[in-house]
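Next come two complexes built around subunit A: one with subunit B, the other with subunit C.
Entry: the complex of A and B
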C-alpha cells in the first residue's frame, strides 16, 4: 500500500478553482519531485496536504488525501494536529523567515516533542541535540542555544529539517528547500535529504522548479502546469522520453540542453493566470502540437510504461 | 562584542547628553519672563534690597558664570535653594520622587495589563464585534484629554462608588497603592489606546508570518503558536513604542498629579513655575530629563533582552 495517495484533489479561492485533478502516489522511502513553473500550484498543493491553507482564502473543494489509508480531508483540526509534525513534517523555501527569530534553535526543535510526546525538558533537549547532529550541524550541544540569525543559510535549512523531523514523521514535504541557498549549499542539503531518506526510510515530496535537482534526487516525478498534473511517473521515463508536450518543452528549456552559443530556448507565451485558465487542455495555447481536440479536457491516462499523462496525443498505441 | 556591552559603554556616551541637558535646563529657566527677586520681595521692595538678594543668589553675575556656578554646585549635589519653600532643592525633590515614580511605573504596568489582552483579542477575533468594540475604545482613548478622563474617573469611582480616594497620597504602602490606582488608570487608559492599536497590528502581521505557519506545520495548537511565537515577536515593537512615549509619560504626570493633588514632582514643577521658583524649576527639569534618559536606557535593555538580533 502506498504511504500517500492523493486523488482528485481540488483547491479553490472563492469561486475560482486554482488547483484540480491532483493525483499523487508515494511509497515509503520514495522521493517524489513536484515540478512546475511559479504559480502552477505546487505550493498550495503541499499546504493542502497538511491542511494548512490560509483560512478564509483557500479551501479544499474536492478529493481525498489518504495517508496510510486514512483520508485527511474530513479530519477535525484537533485530529489534524496529531498528523502535522507527527506523521508529516514540512520544510519551507526560506529558512530565514520560517524559523522564529527570537526563539532558540533547540527550543524550536524541542517544542513539538514537548507538545506531542509530553517529553520532559531534559529529554526534549537530548532529542534536539541528537537531531542537530543527524542533520550535520557541528557542536550540536553548543548550538541548541543559538538563535537562527547566528546560523548561516545552509545551517538554517538544516535546522529547519531538524525541526520538521523532531517527532519522527514518515513523510517530509519539502517546499523548494534549496531555492534560497547557494549552489554548493544546495547540493549539501539535497545530499542530506537523500541520506535521511536512506537512514530513516523517509518518504519525501520535493517541490522544485529545478529539473537538475529532480534528476539528482527524485525517484518519481509529477509535472504541474496551471493547477493540474500534466504528467507523472518514474523520473527516468519522464526525463528520457516525456509523453506530454509540456514536459518536453520544460526539458528543452534547461540550460545545457542547447548548443553553448545558442539562445536559451523558452516556451512561447505566458502561463495563464489563476481563474482564467483556458478551456480544455490548459497548455494548448502554448503547445506546438495543439489541435482542435485540445479544446476538450484531457484526462490523466496511462501513457506507456508506468507513466500517466494528460494529453490527447500521449495515449499509448492501442493493443491490437 | 558582547550584546550587553553597551551597559558599560552607554554611560560614557551619556556624558555629552547630560551636559546638553544641564545647559538646556539652565537657559530654559533663564528665558522665563519675570523677576524672581521682585517676586520674592514684593512690589514695595527697595532697590538696595533687590541688589542684595541678587548678589546673595549670584544673580548679578553674567549668564556663563552663573552656568558654571550651577555646574559646580551640581557636582556637589547642590541644586540651589527654593525661594518659595526656603529649603535646598535636592531634598525638596527627593521627598516627591516616590509618587511620580509610582505613577510612571504603575501606568506602564497597567497599560500592558490593558493593552496585551485587548490587542490579543482584537487580533485573534479580527473583524468581529469584539474587534470593533476595541477599536472604538482605542479611538476614544486617543481622543479624551488626560485631565478630563481623570476628573471623570474621580466622579465615577471616588464620588459615586466611593471605591478610591479623591486625591492625595497615602502614608503606608497599602494606602499609597490605593491612592495611586486612579491616577495610574488615567494615564494607562490614554497610553493603552496607542499601545493596543500598535500591538494589534503587529500581532496580525505575526499571525500571518512564515514562522507562525511553520509552527502550525509542527502540529502546535493555535493557542501555543500565539503564546510562544506571535506574542514575543509582536511585543518587540511595543517596547520601542513605550520608549518613544517615555517623554510624554513624564510630561503627562504633571497634568495628572495636578488633577489628583498627588504630591509628586509634576505638581512641584507646576507650583514652581507659577511662583517663578527658578531653582526648583531648574532642578525638576534636570531630574525629569535625566529620568527620560534613564528610562530610555531601560527600554534599550528590554529591547536587547527581547530581541536576540539587536545589537546596540
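Entry: the complex of A and C
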C-alpha cells in the first residue's frame, strides 16, 4: 500500500477552481518531484495535503488525501495538528520566514518534540543535538543555542530540515527547498535529502521548477500546468521520452538542450491566469499539436509504460 | 582576443562598501572603526563591440556590483573604466551622461524596475525624451516601434505594469534599454525571475537583438546553463575577484580553477541517468567582511596547500587560452567528471 494516495483532489478560491483532478501516489522511501511553472498550483496542492490552505480564501472542494490509509480531508483541526510534524514534516523555500528569529535553533527543534511526545527538557535537547548532527551542522552541541541569524543560508535550510524531522515523520514535503540557495550549497542540501531518504526511509515530495534538480533526485515525477497534472510516471520515462507535449516543450526550452547561441524552442504565449483557464485541455492554446479535439478535456490515461498523460494524442492506440 | 578596439575596458576596478563601524579619521578603538566589504577587488576585463560576456558566480561574489560600477551607479575606490576609449570619471556628470547615452541596464525584477504609476508607453517615452532620441511628435510612433521590436503589441502602451505578466514587463525593460540605441547593455540576472518557458523567449529576443544591432552585452547571471548558451566569453567571480576568464566553450569544457570546477559540477544535469554528483565543496563562501588570507577560495578548496593560505592572492595568469587565478596548474579536467 502506498504511504500517500491523493485522489481527485480539487481546490477552489470562491467559485474559481484553481487545482483539480490531482491524483498522486507515493511509497516509503520514494522521492516524487512535483514540477511546474509559477501559478501551476504545485504549492497550493502541497499546502492542501497538509490542510494548510489560507482559511476563508482557499478550500478543498473534492477528493481525498489518504496517508497510511486514513483520509486527512475530513479530519478536525485538532487531529490535523497531530498529523503535521508527527506524520508529515514540511520545509519551505525561505528558511528566514519559517524559523522564529528570536528563538534559539535548539528550542525550535525541541519544541515539537516536547509538544508532540511530551519529552523532558533534557531528552528534547538531546534529540535536537542529534538532529543537528544528522543534518550536517558542525559542532551541534554548541550550535543549538545559536539564533537563526547566526547561521548562513544553507545552515538555516539544514536547521529547518531538522525542525521538520524532529518527530520522525514518514513523509517530508519540500517546497522549493533549494531555490534560494547557490548551486554549490544546493548540491549539499539535495545530497542531505537523499541521505535522509536512504537512512530513514523517508518519502519526499519535492516541489521545484528546476528540471535539473528533478532529474538528479527524484524517482517519479508529476508535471503540473494550469492546475492539473499533465503527465506523471517514472522520472526516466518522462525525461527521456515525454508523452505530453507540455513536458516535451518544457524539456526542449532548457538552455542546456540546444546548441550554444541557437534559438531556443520557446513555448509561445504565456501560462493562463489562475481561474480563467481555457476550455478543454488547458495547454491547447500554446500547444504545437493542438487540434479540434483539444477543446474537449483529456483525462489522465495510461500512455505507455507506467506513465499517465492527459493528452488526446498521448494515449496508445486502442484496439478496435 | 578580438582585434577590434574594445568598446568597454575595465582595469583594476575596486568597489568598497562600508559595513558598520564609525568612519572617523584617527579613531583607533578596536571594534569601533569602520569595516569595509571589498565587493569588487581589482577586476579587469574588456568587451569588444558586438561581444557577449557572461559574469557568473554565487550570491555575494560582486557580479552585480561590478555591473553597476561599470555604469557609474556605485562609487568606485580604484581602477578605471573606459568606454569607447574615453575614461569614465564617476564624479564627472558629463562623462557619466555620455556613457549612459550609449550604455543601458536591464534589471532582474521586471516589476520593481518600472514605475507602477506610469503606463508602459509613458515609461518608454520618458527615456526617449530624457535622451532626446525622438522629436516630440515622433515619440508615439517610436514607442510603438520599440514595443514591436521586443515582441509586444503596441496596444499594450496604455497598460500599467501590474496589468502585464513578468515576461511582458521584462520585455518592456528591454525596450527601455533599447530606446537609447545603446552599444552596450548590462543585463543583471534579467531572466532569473522568469519561468523557463518565458526565459527561453527572452533569451531568444536578446540573442536576436544582439545580432541585429551588434550590441555588446554584459550578462550577469548565476545560471551557468543560460550563460553557456548566450555568451561567447565568461568570467567566473568569487568573493569580489575574477578567478577564471576565457572563451565559454573552453571554460566549460576544461575548467582550470578549482572553484569553476566545483561550480560546474554542482549544476544539476537534466540527464536522468547521471546520479547526483557528490557535493564538491564543503561549507559556504566566507563573509566578505572577513576575507581569509591568501587565496580567498582556499578554505573550501580541495587542492589547497600551505602556500594558498599564507601566500599572496594569486593573480590571473594565462594558461592556454584561459586566464586563471590559482597557484597551481591543475591538469585539465575533461567533462564534468570527478575531480581527481
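Note that in this section the second predicted complex is superposed on the first by the 315 of 320 C-alpha atoms of A that agree within 3 Å, B and C clash if a C-alpha of one lies under 4 Å from a C-alpha of the other, contacts with A are read in each partner's own complex, and residues count from 1 in each chain.
Following the convention adopted for this analysis, a residue touches a chain if its C-beta (ideal position, glycine included) is under 8 Å from a C-beta of that chain, and two chains touch if they have at least 3 such contacts.
All values derive from a computational prediction rather than experimental measurement.
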Should the pairing of subunit B and subunit C on subunit A count as a clash or a fit in the superposition? fit
For A:306, using the defined touch cut-off, is the partner it touches subunit B, subunit C, both, or neither? Pick first, second, both or neither. neither
What angle, rounded to a multiple of 10°, is defined by the Cα centres of subunit B, subunit A and subunit C, with the middle one as vertex? 70
Compare subunit B and subunit C by how many residues of subunit A each one touches, and report the one with more. C
First (subunit B), second (subunit C), both or neither touched by A:115: first
Name the contact category of A:295: first (subunit B only), second (subunit C only), both, or neither. neither
Contacts of A:97 with subunit B and subunit C, given as first, second, both or neither: first
Touched partner set for A:249, first subunit B, second subunit C, both or neither: second
After superposition on chain A, the shortest CA separation from subunit B to subunit C (Å): 6
Residues of subunit B defined as touching subunit A within the complex: 208-211, 213-221, 224, 228-229, 232-233, 236, 306-309
Which residues of subunit C touch subunit A in their complex? 58-59, 165, 167-168, 195-201, 203-204, 207-208, 222-226, 228-230, 248-249, 262-263, 265-282, 284-285
Help me check something: in the complex, which residues belonging to subunit A touch subunit C? 37-38, 152-155, 182-188, 190-191, 194, 209-217, 235-236, 239-240, 249-251, 253-258, 260-261, 263-268, 270-271
Note which residues of subunit A are touching subunit B in the complex, please. 50, 52, 54, 80-86, 89-90, 92, 94, 97-103, 111-112, 115-116, 147, 149, 160, 163-164, 166-167
